[in-house]
């Protein structure tokens, strides 16, 4: 998840909000029980499922209680800068963790201390010095099944861009989400999946400009993307498959088309100044182990990072043609390093383009 | 006469303000502008941020939206305040209730509620569609119109209450005198009532304008792709670009604009009189 | 002259301001105002009960009564701010019941001045003229004349906050008369002013009213003010008109105990009529004393009632002084003496135990008894009135 928060509760009048970022500098926290681990999470239904399938078994296993805490990159950074880190473990998008890593706010993951997880089971591209993957998901093409019968939906981003053949409002990730869908705009313009990076920003925005008249709003939070689809403010959208699936499970008439999906990663990291780094490491180790991933991701429809669990992955996430997850058969990987280096440039270009 | 020491009563409030607002704000600005940025680079930073097209457009958007919201609350709020100031009984109580109650609801909830009303398949479009007045749904959401409606809805109580206080203080015998002396109700309104309510119009407008300048939630949630306010740019700089120095510069600009307006407001309403000195 | 008051066209340079003003505001005679059974009911309470009178053109008519007596409500019905529940209101024979206040054309003055705070005095006075769409030049002339009339021409560019209460009320009066209304309504206009100023303004109001021949309906709870100003006074109590008459008549010959008491100190001694022949009534107090009153009406012997006499009508004498013929006389003991300046007020306990009040002018020639001294009280039957028993 490119952006830490999935709910807009962090929002407030910005002057006050900016000032409040610095709150930890002023208020010191009282000592906490050693058996509690404060984990930054996206909250909501994500936490509900994870509590049943991960947090509670973890408490039984280790006596450590997981306390989910909402936070944003800005707030985490403020904590770090103020020297008042209130969080022991961060569960967020790998791009956000990369920002924190580059700000020097993380400690390295001590893979040698892992007890629950066999390291060779974990996708090597997700075992990084400062963060380790938690699950994999993707930007997918989502459509209203009451507008486009399954099978007659757009099959590629080029078709998604074709507002003649597939009329109706669309929604895509905008700059406020942290990473607008530039890669997808390039794919729509005919760029091959393996030639997307480095992104030609100008070309991407030009392509985006062609669909812009059909976009009433670019979404900033996953919640908004799902709501727009559910309320029919958009009949086609670029959504996180996890969000789209949650809506479908909730009864919304939505379908998912996996062609040309952009593969995203949720990951764990431990902040510098964490009060219980060992417990945090134990929690990370535990939650990506084979058994736990199996149990958890049977309910939460995302692709495991533990390759041993692939066979147990929900059928919805598997390409019947290959038997592997759609992200493997039809996807291309999001390049967080490119984004980290170019986000400011994208923001400026976007601002000029959007007006 | 002894020295007036009633200001001591404000100490708890001032303390809280210093602790929760001024302290963190000073910390944030000092850290980003003086610690993380070399002193020599600060002027260039200001120039860089202020000359960026995105900032200039956002500033204009913010001002334009704030002015529209102020006008909207004034046009809607004036008759409401007039009604409240001149009527008693359960109907007035009901109107007060309707104006005040949303005030106690979260802004987010209220703004989301508006999407239900303004959306393509929202209440208004359903009604218009059912009545056959329009063929395709109107684009009421995700544009300046939606922002103005949403913000006006949130800020209306400030306008109504400010106007109400002023109107309530208008001596009813002046209106009687005016009528007795031959003024029609309309003439009386134009020459007596409205001029006497102008201080409330000015204060209410300034309050709404000040609050509107810093508004973030509503434009972010129900604005269109191009409707970016300064507050949204600050949020983006803090949360997405992790460019705190730029955020600090924009905050300083917004805060300065707000303080200038507040100074005018204080002048207009005469704080001393407000505090009963 | 300062300000806009100086621009009166045709003003004679040497003339004194108020003379010039009187010349400029031509005085159309006021109009007659007729109240026929005027009634106001709030819920189950009748706050004004069948008010009947005809106020003559050019007459100064006051409504006098304590608070809650209905006098202001009566004025509000006349002004048009309170609906008339029964009865009729006629100006020169035309019924006004359905006419809104702004179309009745009355001038009006309020207790709290009701000066528009956002307009200077010139604009305040010009207000009724502008509301009527009068041409600018004429407005200037009329306003200057009206301000001169109240001797405030030099303050025309001031605002209310720069003026004293008395000055504001004079402007309010100018504003009420500037458009030459047929009737001017005044609702306790001097109620907020202090005593000396009140008297000065009474003189001024009376002067202007007489000069312009205005019909004035005036509300007050101050009986001296009402008596000083009015041609006739209506005394009200609990919505009812107790008595209407010229000030001297209602003061000297009240119709009942309420009027007697409300207009000033009154001695009211209960008893019954003994004999009555035209012009003279013999009245016996409870202790057997018989007193006389000049009374044009014939009364049945045995009728219960009260004998009324004002304290200033009584003279105090040493008990040894011989009684004189044709003069009422009571004896008693001085219980209290209050020094009031122009008079000394004595409370004398008479044989029946009742306290009788007597005012002795503060002059050396008069007898001023000590406390406890036995004295004789004497007064003329011409100053005596027999009233029906106090119903209250």
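In order of appearance the chains are A, B and C, and numbering begins at 1 in each one.
Operating definition for what follows: contacts are C-beta pairs under 8 Å (C-beta built on N, C-alpha and C of every residue); 3 or more make two chains touch, one makes a residue touch a chain.
On a predicted model such as this, the values are computed, not experimentally measured, just so you know.
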Given subunit B and subunit C, the chains that contact each of them: none
Identifier of the chain whose CA centre is least distant from the whole-structure CA centre: B
Most distant chain from subunit B by Cα centroid: C
Intercentroid distance (Cα basis), subunit C paired with subunit B, Å: 56
Length of the line joining the C-alpha centres of subunit A and subunit C, rounded to whole Å: 88
Distance from subunit B to subunit A - Cα centre to Cα centre, in angstrom: 35
Interfacial residue positions of subunit B with respect to subunit C in the complex: 171, 173-174, 176-185, 187-188, 191-192, 195-196
Footprint of subunit B on subunit A - complex, ascending: 3-4, 8-9, 11-23, 25-26, 72-74, 77, 81-82, 99, 103, 169, 174-176, 178, 212, 215-218, 220, 224, 227, 231-233, 343-344, 347-348, 351-352, 354-355
Of subunit B, residues touching subunit A in the complex: 19-21, 23-25, 27-28, 31, 52-54, 57, 108, 115-116, 119-122, 139, 141-142, 214-217, 220-221, 223-226, 228, 231-232, 234-236, 238-243, 247-248, 251, 254-255, 258
In the complex with subunit B, residue positions of subunit C that touch it: 79-81, 100-108, 110, 112, 114, 116-118, 127-128, 130-132, 172, 175-176, 179, 185
